[in-house]
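Supplied in structure tokens, the structure appears directly below.
Think of it as A, B, C and D in the order they're written, each chain with its own count starting at 1.
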Amino acid sequence: MYIPVILGTAREGRQSEKAARYVLTEFQKTGTETELLDVRDYRLPATDASGESETAQRWIEKITKASGYIIVSPEYNRGYPGELKMALDMAYSEYARKPVGICGVSSGAMGGARAVEQLRLLAVAFGMVPLQQALYFPNIQDAFLESGETKDKEYAKRAQKLFEELLWYAEALKKARTA
Amino acid sequence: MYIPVILGTAREGRQSEKAARYVLTEFQKTGTETELLDVRDYRLPATDASGESETAQRWIEKITKASGYIIVSPEYNRGYPGELKMALDMAYSEYARKPVGICGVSSGAMGGARAVEQLRLLAVAFGMVPLQQALYFPNIQDAFLESGETKDKEYAKRAQKLFEELLWYAEALKKARTA
Amino acid sequence: MYIPVILGTAREGRQSEKAARYVLTEFQKTGTETELLDVRDYRLPATDASGESETAQRWIEKITKASGYIIVSPEYNRGYPGELKMALDMAYSEYARKPVGICGVSSGAMGGARAVEQLRLLAVAFGMVPLQQALYFPNIQDAFLESGETKDKEYAKRAQKLFEELLWYAEALKKARTA
Amino acid sequence: MYIPVILGTAREGRQSEKAARYVLTEFQKTGTETELLDVRDYRLPATDASGESETAQRWIEKITKASGYIIVSPEYNRGYPGELKMALDMAYSEYARKPVGICGVSSGAMGGARAVEQLRLLAVAFGMVPLQQALYFPNIQDAFLESGETKDKEYAKRAQKLFEELLWYAEALKKARTA
């Protein structure tokens, strides 16, 4: 089972990369095959309506292979980053009947909660199953030690709960899709 | 398998009842055990925080028994009816890991599309799986024949697609919950 | 100028009342005519489609008189309370071209941020101007002293910023409406 | 008074350009200074966090000069286009206390109603005033004559209503901002 971690910002100086690397490291402990999908590596000069560009093809290949997704995304002005939306829009039916766990990041107190809600609606539009659980990283500039670990020790437990639900759905739906 | 059809308005003269009865009739053709849950029958004088009222107990019993849900709801001012929210708020963990298909109703052109989006977010908050598909009933005052059938013959096909996806999830998740 | 504070929950044991009374007290310091509109005093047996009930008439009278609104509302399952929606739905054109400041309340970390977003969309549907600013009361059960003051002294400043923006809009729009 | 029309998609073969040109032509009849701001002309290799790039500077200049905005945007997967979000995110305080009228475009029946809702929340985040009214272009591929006029003659009236409200707010708020 392959479940990639999508890093949803290409912005220079992005703080969300720390959260994404932390989530990736924690998720690897579950033994699931994973990797970081960085939207920086999937940018288009313009959204490719045909889906035939090489970039879209690489994206679709990863999305197809996956049994679920983790998205780590900052909130910009209470919405999702444009570059994340452009990446997500490159595929469509390949997302269907697969779960997604969303992790929000912000410099303020909300941890990206509003962007997480908008991303959940996108997930439904793509036919994904957005999880009830989420992981929120407020005050991101102050959340991590230099080692890459979170200052707040509760994060590992919260991440664990998210992963359990994600894997529960990933397995249940994979079984049903292949039945 | 029991999947009730929740009618989300208690308003006098409600037009959504026609849509709910149509959806119920069509859904019965799938052979699934079902019935209409009318929010009129589950109103509280004030929201019952304890969940111990007789009304809340009756609601929770139905929600617990169900393997999924269909909601038929009008849109009021681009949101969901208050009485539907009060009914839904009477239960919580009983909804988890069960799919929900949402049908929107409006007197205008949108068929309740905005209320459907807000209801999808509620569904995620409850741990339900909101379906990608929906059924929209715009111009509701003019949508039905006296016989209870829709004037637009395409509705039966659209309903069929919604039910198929709903039953696919209901079965996949029931299997996984009981495994 | 009259700007009431709407308390958006009728639930027994509601914690939001503390936040609403605090906001009312702070807002009175601006010298604006105000009062608490408690949704408990504006409940209908069923939503009154005609708007002719005595309850609806009392609500419409207050809404009409007001030059703006403050809503203090808890978040239930990431949405707004049903009883608040039923109260708001009793009026329509009376809200138009008037600003609204929204204060969110929750027992968790988000302070009702998701309900605030949904209420902002309702506000737009009613033709109100939802303010960019909001006041969030997370961990409400632990936010207030017995005196009714907030433990966190920053609240008064944040409230002040919300009120300034609210009054700026209330005056600008009143002038334009009566021009 | 200057109120530009923002075209929110850079996608090849974009249908929304027809709607944007129509809205521009209709809006010019009000005598307001306007022009088309095409997000194709404001694309960044990556979102510019500093706002110091030449592209961001050109955007900020237009946004600052404007007394209000019209956005014409397609809906992609029930959300807004990424390239529109990236353009909007280049400015912030320059949007404050100015109205925005949003026009949604889709190939399906909804006319972009879900994207319009998400854009309204962005507008609030930026301190703009999102109008109650909107203009929806469903079935866009079939909505226009070769001359650039709409097949449905009602559009001109609906556009007129949107423009009236937009100009009412633009004037009221400009007066208050400069008072």
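Just so it is clear, contacts are C-beta pairs under 8 Å (C-beta built on N, C-alpha and C of every residue); 3 or more make two chains touch, one makes a residue touch a chain.
On a predicted model such as this, the values are computed, not experimentally measured, just so you know.
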Chain centres computed over CA atoms; the one at greatest distance from chain B is chain D
Quick note, more Cb pairs in contact for A-B or B-C? It is B-C
When centres are defined as mean Cα positions, the distance from chain B to chain D in whole Å is 35
Expressed in whole Å, how far the mean CA point of chain B lies from that of chain C is 29
Residue numbers in chain C touching two or more further chains are 78, 114, 117, 121, 124-126
Residue positions on chain A within touch of chain B in the complex are 96-97, 117, 120-121, 124-127, 129-132, 168, 171-173, 175-176
Residue positions on chain C within touch of chain A in the complex are 78, 109-111, 113-114, 117, 136, 138
Counting only contacts in the complex, chain B reaches chain C at residues 9-13, 40, 43, 45-49, 76-89, 92, 114, 118, 121-122, 124-126
